[in-house]
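You will see two complexes here that share subunit A, one where it goes with subunit B and one where it goes with subunit C.
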Partner chain A sequence: MHPNLSFEQAPPISVPYRFFLTAPWFGVTAGLLLAWLGPDALESRWSPGALALSHLLTVGFMLQVMCGALLQFIPVATGGNVWRPRWVASLVHPIVAIAALCLAFGFALSQPLLIQIAVPLFAAGLGGFIAVVSFSLLRTPAHGMTIHVLRLALFGLAVTLILGIALASALGWQADGQASWSLVLISNVHAAWGLGAWALMLVIGVSYLVVPMFQLTPSYPAWLTRTVPFGILVAIGLWSLQLGVDGELVQSWLSVVALGGMLLAGLYAGTTLWLQALRRRRLTDITFVFWRGAMLALLGFVASWIALEVFPVLGEHPRAAIWLGMLALPGVFVSVISGMLYKIVPFLNWLHLQRLGGLKVLPPNIKQMLAEKPMRRQMRLHFASLVLLLGAVLWPPLTSLAGLSFAVSFLWLEWNLVGAVRRYIDFRSRALSDQVIDQTHADASSRVS
Partner chain B sequence: MSHISEILPAHHKHCDELFAAAEEAAQSGDWVACGEQSGRFVHDMLAHFDAEESLLFPAFESATGMSGGPTQIMRMEHGQMRELLVQLESALRAKDEETFAGVAETLLIMMQQHNMKEENILYPMCDQALGAQVERLAGELNTRLEQA
Partner chain C sequence: MAGQRVIDGRDLLPPEPLELTLAALDTLESGEELLLLLHCEPHPLYAILKNNGYRYTSEQREDGTNAIRISKA
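== the complex of A and B ==
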């Protein structure tokens, strides 16, 4: 049997929370940077501002939450033992956060030194994280497609990291700092692995469990749970061959391969929306709306990509990639992650509080940990910001307003999460002091008797 | 149907259905319907816990010698859910929509993450560990849950 399976290795609450509470600040920074830089930042994906913004959202906001969530999720959902989670978190969290800031500001300020600092930090912090998490995912006795898809996602993250290190090393140590043609190719492949094989893969793997779980929808069809992730990985793998193989034949196949991957992503988004429409739980909560928004953004991304391929006049416009980036990053990933944070944080609060033992007062229920109204309002601002950001791609004078709105939306997310954590701390310290009083009282009584 | 990992997940789904109906009734303020649905839901949940604790877990523990591992955690989570069921019934009696919704949400996530662990890890382990006993035990569980 499995002697290591203890079933209950949920890490201390501080392990995920340090990541969750740091993450929104990267979004705030991204929004403020966009507001400050104005329309220039969105001129092309190669502008220093655009590179900084995309990395503040990906290796800043997204990576923070994803690392924290995996450390929580793997032991609970897969029974996998994560090696010394407290240690891993206290090393990975600051290293990856500092690395993300260095990288983003290295881009924004065109400072190769900052990029040079980011490279070894990412290699050590993220490399170490991948090693620890992969080890626990390989040893888990659990069954189900989620485990396989999480393994694929970790592989995707490893490839993204290696390509990212190669790119950052070239930029950081290259005298003229100009991106050569091969760097453009490597960047495209790096982005495909990062967004498709890591971030989307992780969302897919997690969704197989959480979409049916929170809304009581039917399960994803078994064939789809296999076809979509493996198909996307094969498409990205084949598409990456452009790095090594040249020639017209390859070029003509690239679009076909990319289209295949995109259609699979669209199929996944469409299926998720369809399952949500069949949900047995009619209650519409915040997480559900965030997921639905994210899946619509993913469909919008796929449709836009196809339109840009069909009409090369549009596709060759420097802002075309920015449009896709807005749909993918704020549209798909920030939406899903915000929705998940609003579900996970109140539940972890409750779970940890009611395990304190000897409580005289029941811990607040999930809705008392984080009220619906502020979450709903923040969600509206998030989607309004998304519309503004997309609008700013088409009409640049909107850029600063969109940036400010985006920053405020993240600040509000942080405020809501901090409020929930404060409620946790308040209740915990009250409950513990009650126990101490009880104990003292009992000791005093026993002395008297 | 002859495996633990077929019988019990189906009963989880059945309890989910009852939960959704009770929650929907509470949300629309129909306390009579909510009372009926919640009654069936609580009854079937308790029957599920009892069947696992009195039949499945002891069989698993004696087959594997693991008495302090997975089954102990599952028993603890059953205790947490029993407590939430009590809170749900008290919110129902008080016709307190807000508390009912908060407890229901808490219970739903608790239930679902518990079911996930059982369905993905514990039940397949039971099927593997119990060997020849599986079919008989699955039959007994099925009968117990149907009669409840």
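== the complex of A and C ==
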């Protein structure tokens, strides 16, 4: 080992792990809630069940992992220093987790009080997180498109938060429906910023680094790394003008702007699949397959959106938006995040065991941190759940089975991650006790001599 | 200069290049240079080098390869 080396750049391992180990429980809750509510939950995107499920996945599962990953990713991948990461994590993690539960169950149980509690918690917890991470991203000495795109993503998160607070305030304090704005319109813009300008933007920015690095593909073409994120942001920005501008003229170009954004997202997904096909070593590990599934789901989302625009009879069906939601949330984001967790957690175990230094026994190989077989089985269950969820949109009697399958898939993800963390703790305990024994022997020897 | 050792990490999966580099640092002699070839900027390695008395230069080649030259400070 490397006894004299310092690994100060990475934050303590507890910083990302508290987020990673909490996140799957939101997915378990979402699956169980869907199984319990049954077909009614998927009747329309405005049903209490659908609102609860979408937010359990977005501000529950996705936001937990993305917050934890950013606190880890910025120092390790960009060299930026996050201000007091342990302190930030210990505040942001519980506040955002409680806020997500309050919001989701406020929707599910139609309880405005819970939504009222969620609003200040999100404003403080997520607002503080955005401020701290933005500051470190602005000060990082590194350059490159990943940094620029991460900054755009943080801006997207800030806009999503502001719109979300406006919506939740309207719902929480004006439950009689006397809101002064069109809640449907704001909800659409909120969803576009949350899914497009924050979540997809973060995936895009991170992918420029991790897809070539972990999947040994060629780099993304330089023109694409600029065009796609800025184009998507411009499209969402123009599309959001409908909040302030009224009239037929606006309506006529809204679809064109949205189509432009969708085609850019499709171009990104197609390019990622093409780069994967050109990888330099024919490795097909779990992360690779999760990414491939996510990109296919993104292409499916874009194709579905175009089809729903072309055939308004389909587009106006209340379940059309649920179909898109299934492709986006479990299809794109849960897939890509699961794949990244299976890559990040073994790597962090390895990196932090290296930090111990002076070990007599080598830490386990990175492949031994998390066995391939349970990861692969969990991945199969995840994709089977996705098929069941899409099937449930078309054939409602499948809903409860799809919900149960989805819950078990997340439970398995949690089990696999806990197994990896236990391996880290076991080895660390053994290594540290060996060091203590060695030190005791050395002290005893020096006293004798 | 005592010589140069080369680690081509471009076709290796992380953390293999970092593992090989850390192992090489353990035996790097004064005046000897370690050349590490990667497709990315290894920020964790930079922090380790700065904190442990190594100097390095990083240069990006036209094909996108980062060439990192490491020696004892």
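To be clear about the criterion, the second predicted complex is superposed on the first by the 435 of 449 C-alpha atoms of A that agree within 3 Å, B and C clash if a C-alpha of one lies under 4 Å from a C-alpha of the other, contacts with A are read in each partner's own complex, and residues count from 1 in each chain.
Just so it is clear, contacts are C-beta pairs under 8 Å (C-beta built on N, C-alpha and C of every residue); 3 or more make two chains touch, one makes a residue touch a chain.
Everything numeric here is computed off the predicted structure, so don't read it as measured data.
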| message | On the A-aligned overlay, A:P75 touches which partner chain: subunit B = first, subunit C = second, or both, or neither? | response | second
| said: After the superposition on A, what does A:F347 contact: first (subunit B), second (subunit C), both or neither? | reply: both
| request: Report for A:Q368: first if it touches subunit B alone, second if subunit C alone, otherwise both or neither. | output: first
| query | Touch check for A:R282: first (subunit B), second (subunit C), both, or neither? | reply | first
| Which partner does A:L401 contact after superposing on A: first (subunit B), second (subunit C), both, neither? | neither
| said: Which partner chains sit in contact with A:V250 here, subunit B, subunit C, both or neither? Use first/second/both/neither. | reply: neither
| query | If you stack the two complexes on chain A, which partner ends up touching A:I306: first (subunit B), second (subunit C), both, or neither? | reply | neither
| note | On subunit A, the footprints of subunit B and subunit C overlap at residues 2, 5-8, 76-79, 142, 144, 209, 213-214, 216, 280-281, 283, 347, 350-351, 354, 366
| Contact footprint of subunit A on subunit C as seen in their complex | 11, 13-15, 22, 25-26, 39-41, 43-44, 46-48, 51-52, 64
| field | Touching residues (chain side subunit B, partner subunit A) in the complex | value | 16-17, 19-20, 23-24, 27, 64, 66, 69-70, 73-74, 80, 83, 87, 98-99, 101-103, 105-106, 108-110, 112-113, 116-117, 120-122, 124-125, 129
| request: Note which residues of subunit A are touching subunit C in the complex, please. | output: 2, 4-10, 75-79, 142, 144, 209, 212-214, 216, 219, 280-281, 283, 347, 350-351, 354, 366
| field | Residue ranges of subunit A in contact with subunit B within the complex | value | 1-2, 5-8, 76-79, 141-144, 146, 209, 213-214, 216, 280-283, 285, 343, 347, 350-351, 354, 362, 364-368
